[in-house]
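Structures given as structure tokens follow.
In what comes next, chain A is part of two complexes: it sits with chain B in the first one and with chain C in the second one.
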Partner chain A sequence: MGLLSILRKLRSSPEKELRLLLLGLDNAGKTTILKMLAAEDINHITPTAGFNIKSVIADGFKLNVWDIGGQRKIRPYWKNYFENTDILIYVVDSADKKRLEETGIELYELLGDEKLQAIPLLVYANKQDLPNSLPASDLAQALGLPTIKDRAWQIQSCVAIQGTGVKEGMEWACKTIKKK
Partner chain B sequence: MNSRNPLIKQLIIHLNDISHNKRFTGANEREILRGAVNSVLLVKKINPKVHFQFVKSFSKCVEQIWGYQQLIAIVEELRTTGYDSDNLTHEQKLYDLWANLMPNEPLESRVTKQWQDIGFQGDDPKTDFRGMGMLGLENLLFFATEYKTVATHVLSHSNHPLYGYFFAIVGINLTSMAWKLLKNGDAKSYIYNVSKSLPTIRLFHQFYSYLFYEFDKYWLDCRPKNMMEFPNISEKFERNIKLSLNDPTSVFRINISVDTV
Partner chain C sequence: MSSFKREKKEEEDGGGNPFQNIEKTTVLQEARTFNETPVNPRKCTHILTKILYLLNQGEQFGSTEATEAFFAMTKLFQSKDVILRRMVYLGIKELSSIADDVIIVTSSLTKDMTGKEDLYRAAAIRALCSITDSTMLQAIERYMKQAIVDRNPAVSSAALVSSLHMTKIAGDVVKRWVNEAQEAVNSDNIMVQYHALGVLYHIRKSDRLAVTKLVAKLTRMSLKSPYAVCMLIRITAKLLEEEGDSGSSNNHLFEFIDSCLRHKSEMVTYEAAHAIVNLKRTSSRELAPAISILQLFCSSPKPTLRFAAVRTLNQVAISHPAAVTACNIDLENLISDSNRSIATLAITTLLKTGGESSVERLMKQISMFVSEISDEFKVVVVQAIRALALKFPRKHSVLMNFLSAMLREEGGFDYKASIADTIITIIEDNPDAKETGLAHLCEFIEDCEHTSLAVRILHLLGKEGPRTKQPSRYIRFIYNRVLLEDPRFRAGAVSAMAQFGATCPDLLENIQVLLTRCQMDPDDEVRDRATYYSNILSRQDKSLYNNYIIEPMKISISALERSLQEYIQGDTEESFDIKSIPVVSPLAAEEIQTTAQKTDGMLSSTGPSKPVQASREENYIKELSNVPELQQLGPLFKSSDVVELTESETEFVVRCIKHSYTKHLVLQFNCTNTLSDLLLENVRVQVDPSEGYNIVKEIPCPKLPYNETGTSYIILQFPNDLSQSVGTFGAVLKFIAKDCDPTTGIPDTDEGYGDEYILEDLEVTPSDQIQRVSKVNWTAAWDEATEANNYSMMNIVFSLSSVSTLEEAIKNVVQYLGLQAAEHSDKVPEGKTVHTLLLAGVFRGGADILAQAKLVLSDTVTMELTVKATEESVAELIVFAIE
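Right after this comes the complex of A and B.
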């Protein structure tokens, strides 16, 4: 995955624990991204009932990645996991145009939360391999990301099932943390 | 299993191949069993007329051991078959699931919020089967059809105002649990004890149905605050199941408890 090399770059602040929160609608690909980060098999994923957590340890760094189920009825519990988040990662199924509005509403609800104030935002425009997917730049416009002024943000196109783009997103996340 | 005799080695390779390719059935099965027993009689110089019980018992062992291997292959084939909404058989199975669980409520359309009433995530279940593929649907359908009363009862629990959960989603996660227990060999005691002949897919579905029924009871007993306790509770549940599978005597009871409800 190349995650090790990213972590190596962070050696300036050893022993640091980072808390990454993965959110997004159901079927966006959050668990696949989590498994990719942990270099685990992605061929027998089930819908997340509740949450998954994985810690990736390397070079004295500990990345605690929280993947919370995206189902509508679970979303009210998302806020229980906001505390001490270092990076908010929001995953979007770029081919699910029908739910673009819904995913936008959920995202802005998150951005409006006090506990997530000024927390850097990484949006994964996932499933770019699907024929009718929206390119990352269009998705950024559709979600109104350019209007975000209160935090660092980045959109990264990716194909989580192939691992494409996942690393680049994490590189941005680590770089942003370092600046803080 | 680790015989250095070339004939036995060859026999094992042959049996592995047969079971992985799911050809251990019908007339072929009898032929294979006879061949396996004869090879061992020959190599170990056993006189079948004196040790007639050996022939019977050893044949049964081969049937069970490679039947289990074959069951893994059958289950794996279903799991890796993704749900396909262009496949009419798949679609019909989804409709059947609804009809069995909600006999008094017709489905308004193929894509509808009603699916959430039986615990799917959104308005189209097709994206929920994911890595469990058709195995997830077949498991749910078997439970809902063969243990209709139990399944309806469990479904009503899943709608409990305080301790409710998502029936289908939890079901698909239990498919994953049953599949893992089968693959890593934990389910051997159950399968070996319950199957009188060659283990079939029905046995796996029964094992799943048992897990679902027991999980529902366990979940209610835990009085969870909300769905976020699922990972924790299901981990504890799996540990308990593994413990009872380790004890060969308790396995038989597993089957009875589902059948008599």
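Right after this comes the complex of A and C.
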């Protein structure tokens, strides 16, 4: 997409700004996904001590993506960033089976929060390139996603370091918003 | 005209200030806008400005509301508006100390500080350092190092100044940045060079050798920044002052400062002149060129230079009068300077150095404009008068008149207090001035709005009035205060009157009448005091007068409160023993003074130091209350000075504080581990006490990592035989050592090995067991002790072979015995070879001690020491201990 067409698109729908919240345990790959979306170098990513915020243009939307660090000591601050969220994106390291339960518990905390009520949920089953990773369908079962009735949800397998699957997830997100 | 009037009125209403009527709750409400998407930069910048304005006006933010505003503010990071972003940095800095959880912005700030946008970088560094604590500093260390040597001067300066602030929380980490700071000193930018020198010096300042090397190196290369040169001059001067005459590099150092007198920057020449003039060692020959510079500045067209010069001359007028006299003509010219501050300083300088004959003329000059200058400079005038009065006692009436005229004028508390202080000093110093001085003070309290000052003067009248020729004339002034509204005045007046009753038998009857009237007072305190004094005075018992009116025991009020509380909680069968309450030693007051005055002289980034409120014991009591084993020992009686048990720069640093209780001695050992590759466990000091002592308990310090200070205690029982309580203890530091990784501090193995380290011996002296007591009328107490039958007396004559002056002898005796000198008897009039030192104190357990030392100076000093104490063994101990 050329610069001009982006500008034109922006002008045609100036107030289409969306707020995306990127959460998940530490080391899940959130920052990598964010950088991939912004087409930035992913070689010097360090654990996020706080948050990163980037605005990217996609599908006629300006997406403000908030990536909040997943370390245990930062998780209590997640709630400060719930307000006005349009899409909740939850990133899971599919190969980290040891912390499957932990990531499930954190996700259910989020789904129970009033401020995130009925907000569409996108789960990235990341790191599918790793040999012993859980396929997206298994992960959906393990996280109990099929029981979710109060919101739209989707699970998308991806390999953030290669960029595969990231775009598909975003497309689902934009589509879901348009329907609303 | 009318429009002008309106404008003026608006100005008075604060119409010029758009933030005049803003309110915290409304602004915080508005701050919710920060959460909205998209961000409106203009609107948000405006709201942030309001928040900053409120914070700067001193508005208090609670931590919850501050935290909420803070998190809302973090949302603004999504905007790329430069102005807004920079406001956010300021907001982070301001809120960092009030809000919780500020570390959430760490990664955003780290990104901005290393990013491409130069406008962000310096400010992001400052904000980042304000939210960083010592544990997080490691994570950003790499970026800080890079920033210090950054090509952009704003970034480099920001990193350097932030480093300086960080030394307060993580000195060791900042120390590792020394190479980068070193590189930055070579910068072409004047601010970067200056800030880099600041950091370098701060890192090295506790290591004299390193400072010497730094100075040697920098004085040889020529620094480009005049600010840096000024700083180097200060460092050099400090080094010179510390080394005294012994330092070998002295000449080189002095030559450097001297050469700066010829620097092309005025700032530098002034700094050099200022340094030379203030150096104690400067000879008059070396002084001359510096004085010439100041003289030159005195006639500069720039008021700042004139001010700086005359202020410096003023400060050194006493120490270098001859040098200052050389500038007399210039100073005379400055008397009529249109800048009143300069004029004041000029006149007071002339006053300090002038002869007796010029006093009247100069005082007249001052009185012409004293009403026009600010209080701060009026205080300078008052100080000059104080110096004059001490120098020319015969001029006291001129000066007193002047002071009393000043007292009558309008002025703030500090100003009035300095006048009253000066009058009090003059009274104490010059018996001839006493009556006039007291008369002026009496007049002053007739119409004085400063309660604390008036109460102080009432107290002085009570102390001094009874000993004047005609005590009765003061009573009227004092009694007049009883008719005033403020109960604090009335209470002070009642106490002052009681002093007259106790000291002057012929006034007693009148005083009793007045006190009876005061017993009807509506205020509890006033009535209580009146009843108390009236009762004691009716007993006609001299010793009661002495102990309860003239010279009551000064006990620690907070300790009394605590003990009384404990007492009512326990069983109250036994009567309360007031002797168990620690007395307030007069030394504490002096300690407060010295701590308040001590400044580094270099980088005053900490702000004015707060005066120490509590006594030394009070401070320790807080610390000791954390140790349960110490709680059964009763109240703390005395804490010693800190004793170093190790040489400086050894592997372990051990300092000891001796705490005396009624029957126990507690040794507190503060141990520091300076080895980064060792973890110490079960750290304790083993002492080998002198005969008669019993070790009751040892409390080791469980764990002592690198660079931390831990505390271990030993509780001992004092010997029953008092004469054994003075002695020398051997001491050994014992511990289990574990090798560990220097960077993480984690031990390599669980196995440790026992090791020990010999410490210096520890002395227990009489002074550890004695509190000083200040006696205003020592002689009366001594006479009374002679009459009373509960005092034992001991006497001894011996020679102090190790000292050669009376001053030295006095200092040693006072220090060793821990008694307080009374009636200024620790000051020896010049040229005297015979002197009597009067001492007083109280022993642990409550025995009163009075001592008199007659000193005779021949080749050595011979001393006859007479001790009276309410316990024989205490008197014995003191006499034998001093031998």
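A few comments on the model shown:
What we mean here is this: the second predicted complex is superposed on the first by the 160 of 180 C-alpha atoms of A that agree within 3 Å, B and C clash if a C-alpha of one lies under 4 Å from a C-alpha of the other, contacts with A are read in each partner's own complex, and residues count from 1 in each chain.
Methods note: a contact is a pair of C-beta atoms (placed from the backbone, for glycine too) under 8 Å apart; a residue touches a chain by one contact, two chains touch by 3 or more.
Quick caveat: nothing in here was measured; it's all calculated off a predicted structure.
Touch criterion met: A:49 reaches chain B and chain C at once.
When the two structures are aligned on the shared chain, A:71 is found in touch with chain B, with no touch to chain C.
Residue contacts after overlaying the shared chain place A:19 against chain C, while chain B stays out of touching range.
Once the two complexes are laid over each other on the shared chain, residue contacts for A:27 go to chain B alone; chain C is not touched. Shared-chain residue A:83: touches chain C; no touch with chain B.
Overlap of the chain B and chain C contact sets on chain A: residues 49-52, 69, 74, 77, 80.
The residues of chain C lying in touch with chain A in their complex are 35-38, 71, 74-75, 77-78, 101, 103-108, 110-111, 136, 139.
Chain A makes touch with chain B in their complex at residues 26-27, 42-47, 49-52, 69-74, 77, 80. Every residue of chain A that touches chain C in the complex is listed here, in rising order: 15, 17, 19, 48-53, 55, 62, 64, 66, 69, 74, 76-77, 80-81, 83-84. If you check the complex, the residues on chain B that touch chain A are 79, 116, 121-122, 127-128, 130-132, 136, 165-166, 169-170, 172-173, 175-176, 179, 226-232, 234.
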